[in-house]
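Paired with subunit B in one complex and with subunit C in the other, subunit A is shared by the two complexes that follow.
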Partner chain A sequence: MTDGPILFVAAAALLLGCLLGPRFPRLWIALTLAGAAAFIAASAHILGGGEPWEWRGGFSVGGEQLHLRLDGLSALFLALLGVVGGAGAVYSRSYWSDAQYPRSAPRGRALWSALVVSMGGVLLASNGLHFLLAWEAFVLAAYFLIILDPDSAGARPAGWLYLAASHAGTLCLFGFFCGIASRTGSWDLGPMRDNAGLAPLFWLGLVGFGLKAGLFPLHVWLPSGHASAPSHVSAILSGVMINMGVYGLVRFTGWLPVPHEAGWVLIFGGAVSALAGMAFAVSQTDLKRLLAYCTVENVGIIGVGLGAALLGSEQGGTSWGGLALAGALLHVWSHGLSKALLFFGAGSVVHATGTRDMSRLGGLWKRMPKTAALFAFGSVAISGLPPLGGFVSEWMIYLGLLGAASSRSPAAWAAIPAAILLGISGALALAAFVKACSAVFLGASRGGTSDHAHESPDLMIGPMAALAALGAVIGLAPAPLWPSIARAAGAWRGPVGPMPWAVLALGLCNLVLAGLALVAAALLGRRVRDGGLKRAPTWSCGYAEPTARMQYTVGSFSGIISGWFSWALRPQGWSQRPRGLFPARAHRFERIPETVLEDAVAPAALGVLQLSTLVRRLQHGRLRFYILYIVAGLAGLGILTAMEARP
Partner chain B sequence: MMASVEFIVRIGLWFLLPPLLPGIVNRVKAWVAGRRGPPVLQLYYDLARLWRKGVVLSDLASPGFIAGPAVAWVAVAGAALLLPLGPLGSLLSFRGDVILLVYLLALARFCTAWAAMETGSSFEGMGAAREVSYAVLAEASVITAVLALSVQSGSVSLARMMEPAVGSGGVLLAAGLFTVLLAENCRVPFDDPATHLELTMIHEVMVLDHSGPPLAVILHGASMKLLLYALLLVQAVVPLGGLSFPAAVAVLAGGVLAVTVGVGLVESLLARFAFRRVPLLLTTAFLLCLFALLVAWNGGAA
Partner chain C sequence: MSSGLNLLIGISMGLNLLALGSSRLPSLIRVAAAQGVVLGLMPLLMEHHFSWLVALTAVTTAVVKGVVIPTLLRHAMRAANIDRDLDPLIGFIPSLLLGAAGTIAAVALVRVVPLLPEHRGLLLVPGSVAAILTGFILLIARSKAISQVCGYLILDNGVYLFGLLLIHAMPLLVEAGILLDLTVAVFVIGIIVDRIQRAFDSLDTRKLTALHE
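Take a look at the complex of A and B:
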């Protein structure tokens, strides 16, 4: 079967799910899984070596002939969409059940199908107009999913912010595609790198796609959007939707010519995004906000890889450029999988305890051992630690950067700072995830929220385990995956060369390491059991009465790092110290504001608002003045025309 | 066949030699202070005794409390096996193995910090927080040092990176890496392994609640990490390529001994820094590595 019918089945199943989902939850699951499986099958066919699929419909939509295309690059993203879309659908069955949310759950199902199918449309569209239509469709579907919970206090403002930011991005994309259409005379998209006049459009695309991808400082909508949405929605937002922005950047830097500065801007923008994203992530107290800022970091890492690939391509197809691109594309997968897993985990925690505030959680591993283990797995993967997937992709990007540095190409001036910043953000990620895991799952429960927690049902654990297994495959067997990655990267600007032997060696090392780690843990565990084991309260240098409130909190854990970045984070705090012989209640509050939003975007928006208020004075309802405006306007036009006509 | 024999010999060396180093450091400290000090082999006795002991486990600890030290030990051992040993070369060398080495050490840090947070003790939280925070700065220095070596040698694999001697940048790199060694191995002036004041410790305070075999694994892993850093430092700045096999081994051993004695001397002559000065010192280490990188860059162009 060719890809055309498979994709048609996928679209039909998802659209049907959109219509029937609200009424028939079981049928919806089946339809969504079928659609997701069809997406994966079609992509696997392309990535496995099939010919890229291209189709021009005999009819037109919106005055343009339908033109769809599935090549290696879009297949890579489409498969991820299928995996997370399917896993999220299964997860939402228990997480956002009809019993608990009788009003919003049916709506959520229809919107989920709409989101998945419209993102599929973005990936397949090969016509500017249809790309924009599909883009707008998924932006709206995601908006309604973010505000799915009518009782969540933060959801509505987060939704507004998301909508505003998304439309600012869409505006740029309108300009971008209109620019292409006006310069080429057609909305049709495809490779057109010889048309040098298109290069300046890159900047519009960067802002438009960068806003969606959440590159710092265009990430303002991302933390609140991800934090306030239901967790299965956060998972697809962070795992797949922001990758639509990444897809746009990769796709159009591949198809269109870019200005010379593009690679430099992307690599530095990405590195700054990685550092800033993680600096904010470390300091968060809200679990989902921490994960959201971590997304900003990972998009930055992908940006670094893409920027290095651009620089490599500018300098005539170097091998390190290809490695960096392969790393960036693989990172889309490893980040997407582990981030979806972590958001599912966070969702299970919220489901069980009713709070996202890490300073009120703790000790959950006893009640939710499976969730804790899977969350830990995801944390190791996303911190880019061997032997899991995140490390392999970051390693490839490092290889690209080190290759640029050691070959002393001009790109080294970008690669060296980027490598150092990546190293720092990697260490920060480690700090952030040790903090998140330990505050939520380890130690003792703070404030009683964890006492009545319960392990999630299998329908929630299952999708998480599936995502974890896929992430482990990337880490343990990168060599078999290389041909697919190379095909995807080859669809960018041409083939990337044979697999470096190092990929095979790394996979081997990871495999041995994973095996040895399991063996060592088992051996030590046995030795401890055999040697005599006693349980006692935590010693902690001899406290007789340790209480849960004495534990290190998230704020204190990240205190040192937040201090270093306080110039950027601008933490706010209020405290009332204990005074006198019999001190009354003392307390301390700390808050890390959304610095970019509150100190840059909000004042700018306020300025615009004030300016508009000034302009509104012109509009006062007095007819005679309106007539004066018209007369003045006509006179002005007349003078202009007269001046034009004179010479 | 040869490969597996070599693998076993290397594992054996990495298993047996490292506990010697803390013994030497302590000997040097005792000698400077005019004490007799513990025997050089003290850590071996301690490890053997701890391995036979039982374990007292906190009520709060999950299985990760035991698995953490085990995985951390495997990670450090893996990093150690990647390191080329002078004339012996490395067991498995590939492009980018240096990044794997750096990240394996990070994995070990993740596991140690995780295990520390298991008990819910605020002391251990304090230690873990310090460990992961200062590692951010140390990581920057390490990556910069890697870049310097890579620019110098035009290669990205450890075996080739360690071959050429670093010229004038060698001194800068040695100073930078030595500072990182002190920080990453929790020695004075960053941390005092001999102190009894929990408030001022980093590494030791993370393992307060560990006992018996897991503590033995942690101590052994720490000494392995010290040897790893010492070997890395020596090979990064001493040219071994032109020497004959015995000479190279002798130079390598002498270098490691010199680094160890250096650690002991620093520990005897310097007081632990206040915590607010630690970032300053680590930033200095980063700058030293950065200057080494610049020297390497210029050295090649000339």
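Take a look at the complex of A and C:
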């Protein structure tokens, strides 16, 4: 029973950091790291085989007895929160320094602690009311972090959109938890799968948690929110906060009964989310927007895993269902780590050049070699290439899907298309990250933004390296990690089967691959150092006077793929072609709209606005009409009461 | 006993119609005052044996509603120096028809409302509903602030009438408190009327729409 004190220390450290952070930055780093370490320690204890921790407080908060619980599932997410929360705190020290942002940096520190501690609260709460309280707290903390620099372009609208979407989701969650409470008679949460009346609540939970997780088409807030926030905030939003939605989905599909269609909806929703997210990602020109859409894809992959697990569980606990769930949970980690790493990398690029527009970047590899290497590392991991973490987790999900496909059950009809869609989205992910890496780091500088770029300080590189190392561990040693993942997956709906040999084999293959890659890199490095290769300006290509404008532009790089999806992306553009022998001007302007936001959500919101303007006409200031409303209301109530009394 | 009570309620219903039909402000105030006096006397008839407390309340109600409030209103009317004619939004005849329909509906309504056996034969509930409806019609259909105060008074008379059902359950102190509130409200409205008149040169509430929100 050591988890209680450790978690208490974590909460105390983080709350203290919240209070003292604005004044004492060094103390704040220490406190945040202590809190993060305590989170990781408690989670490691549970995941390493310790008994799940449960605690009922002797006092009540908001009229409900405090009830906390840390089991394998919440420990998995809590440890990720600790890792990214700690890394982001260190990163922000240089990235969002007091010298550069004297007004917002102190506020940002307090909010960061508040965000981490309230997300911890969500993961630990085992009472619907407290879950909602913690949920609301982290939603607000994240909002204020997104608009940390309210004067930066797009931050305020992005913040509003985020807030509106979050509150729509929270509204669903209010319905969800109130539904549970009214049907069970208590706000207390726990396994209650034999209460079949709770099954329809799944749909409310799906919308509420799906909005937070950013499942397509509920992702509308995500691209602008992630892109406009400071990068360390984007990292925790994308690496951890959207996982709160995933946690909610996993937790409550495990604790509550679900309708029969739930697995089908999740698996198809996830696959569509994966494909659509990546299709949008490929065609973005904003580096952070690309990463944000990639988050939509990864949440989709996790959704596919969870959907397959639900289908497996419907058929009585098949081994492929467990494998898919284990893959989904591992993907939470591999995506969280590599996405935080990539956002830190994007933050370093923004820090150095002042822009996140890829069409104005280029050639940064020479100026920021460490950032470039780490970004490339993260790209490999997130594209699901061996030998890194993304490959292992996606492979486990594929194994689950293949198991379902060969099971001769109805689930095969879901698993086969899902596997195909995941395959396509994986290929698109590779294309997107090749584009991102090459546009930002390779080639020559476009538009001079990279000319004065400088490598980021060690305080920014360090957290990135740590995240990369953790991601590599997942990729290279999945077999030793399996018991922990199995424990987390076991907390869902009962134990999963033994480790498939494929996981062990995969780990060994990855080790061999990594060894080969290291050897190749070492050989190449030696050849370069010995002068065997000649260095020349990029893009000289036989031209007498090469210019950076002769490179592929970012838009042209992804033009073909964007063309395939133009029915969904609806790219807008206009161009002025060069005419005549000595063309004076030529233009090409392209823009990929936020299709769902601009073509579906915005018109709907406008309709609501017009409707409310109509309703507002009822308030015109003429007193006697107000009295008439009262009379009408009273009469209506009277008629209603009379009709109730009649039968 | 109950026939005497019903007679008073019948008179109050008639006064409702009179209020709807009166075209001048002083007569409207007089009608509201008369109704207040009639209602104020009712507790005396309802109690089987004489009690000082009930008598005191009855007399106070009658005095406040019949003398104090009308005096305040007349004073406000004179101070603001307003036109005595009411210009109705809904004409007098339609108002009367509405009021009559409301009264008939109220009498019909009493069949639906579950009542205690001792209240079955009384017209208390229809009388109260009719007065409330009349009050609302006056509030909606008359545009002068003072005539709306009269509507409010008649509405309150309806509420008071309904409260008589609970005369054994409700402490008389509560009645007294309501009466005090009413008096203060009328007093304050009298002052406001004066101020509105000075600020806007009119007491027509139709012109006071700019203050909404």
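In the analysis below, the second predicted complex is superposed on the first by the 622 of 647 C-alpha atoms of A that agree within 3 Å, B and C clash if a C-alpha of one lies under 4 Å from a C-alpha of the other, contacts with A are read in each partner's own complex, and residues count from 1 in each chain.
Please note the rule applied: a residue touches a chain if its C-beta (ideal position, glycine included) is under 8 Å from a C-beta of that chain, and two chains touch if they have at least 3 such contacts.
Because the structure is a prediction, the values reported are computed rather than measured.
By the touch criterion defined above, A:Ala642 lies against subunit C but remains apart from subunit B after alignment on the C-alpha atoms of chain A.
Of the two partner chains, neither subunit B nor subunit C is touched by A:Gly159.
In the superposition on chain A, A:Pro463 makes contact with neither subunit B nor subunit C. Legend: residue contacts after superposition of the two complexes on their common chain; A:Ala517 is shown touching subunit B, with no touch to subunit C.
For subunit A, the partner that touches more of its residues is B, with subunit B and subunit C as the two candidates. Shared-chain residue A:Gly621: touches subunit C; no touch with subunit B.
Once the two complexes are laid over each other on the shared chain, residue contacts for A:Gly307 go to neither subunit B nor subunit C. Of the residues of subunit A, not a single one touches subunit B in one of the two structures and subunit C in the other. The touching residues of subunit A, when paired with subunit C in their complex, are 619-625, 627-628, 630-631, 642, 645. In the complex of the two chains, the subunit A residues touching subunit B come out as 362-363, 365-366, 369, 372, 376, 380, 383-386, 391, 395, 398-399, 402-403, 405-408, 412, 416, 419-420, 422-424, 426-428, 430-431, 433-435, 437-438, 441-444, 500-502, 505-506, 508-509, 512-513, 516-517, 520-521, 523-525, 527-528, 531-541, 546, 548, 550-552, 556-561, 564. Taken in their complex, subunit C has these residues touching subunit A: 89, 112, 114, 136, 139-141, 143, 148, 205-206, 208-213. By the touch criterion stated above, subunit B contacts subunit A in their complex at residues 51-60, 62-64, 66-67, 69-71, 73-75, 77-78, 82, 92, 94-97, 99-100, 102-104, 106-107, 109-110, 113-114, 117-126, 128-130, 132-136, 138-140, 142-144, 146-147, 150-151, 153-157, 198, 208-209, 212-214, 217, 279, 293, 297, 300-301.
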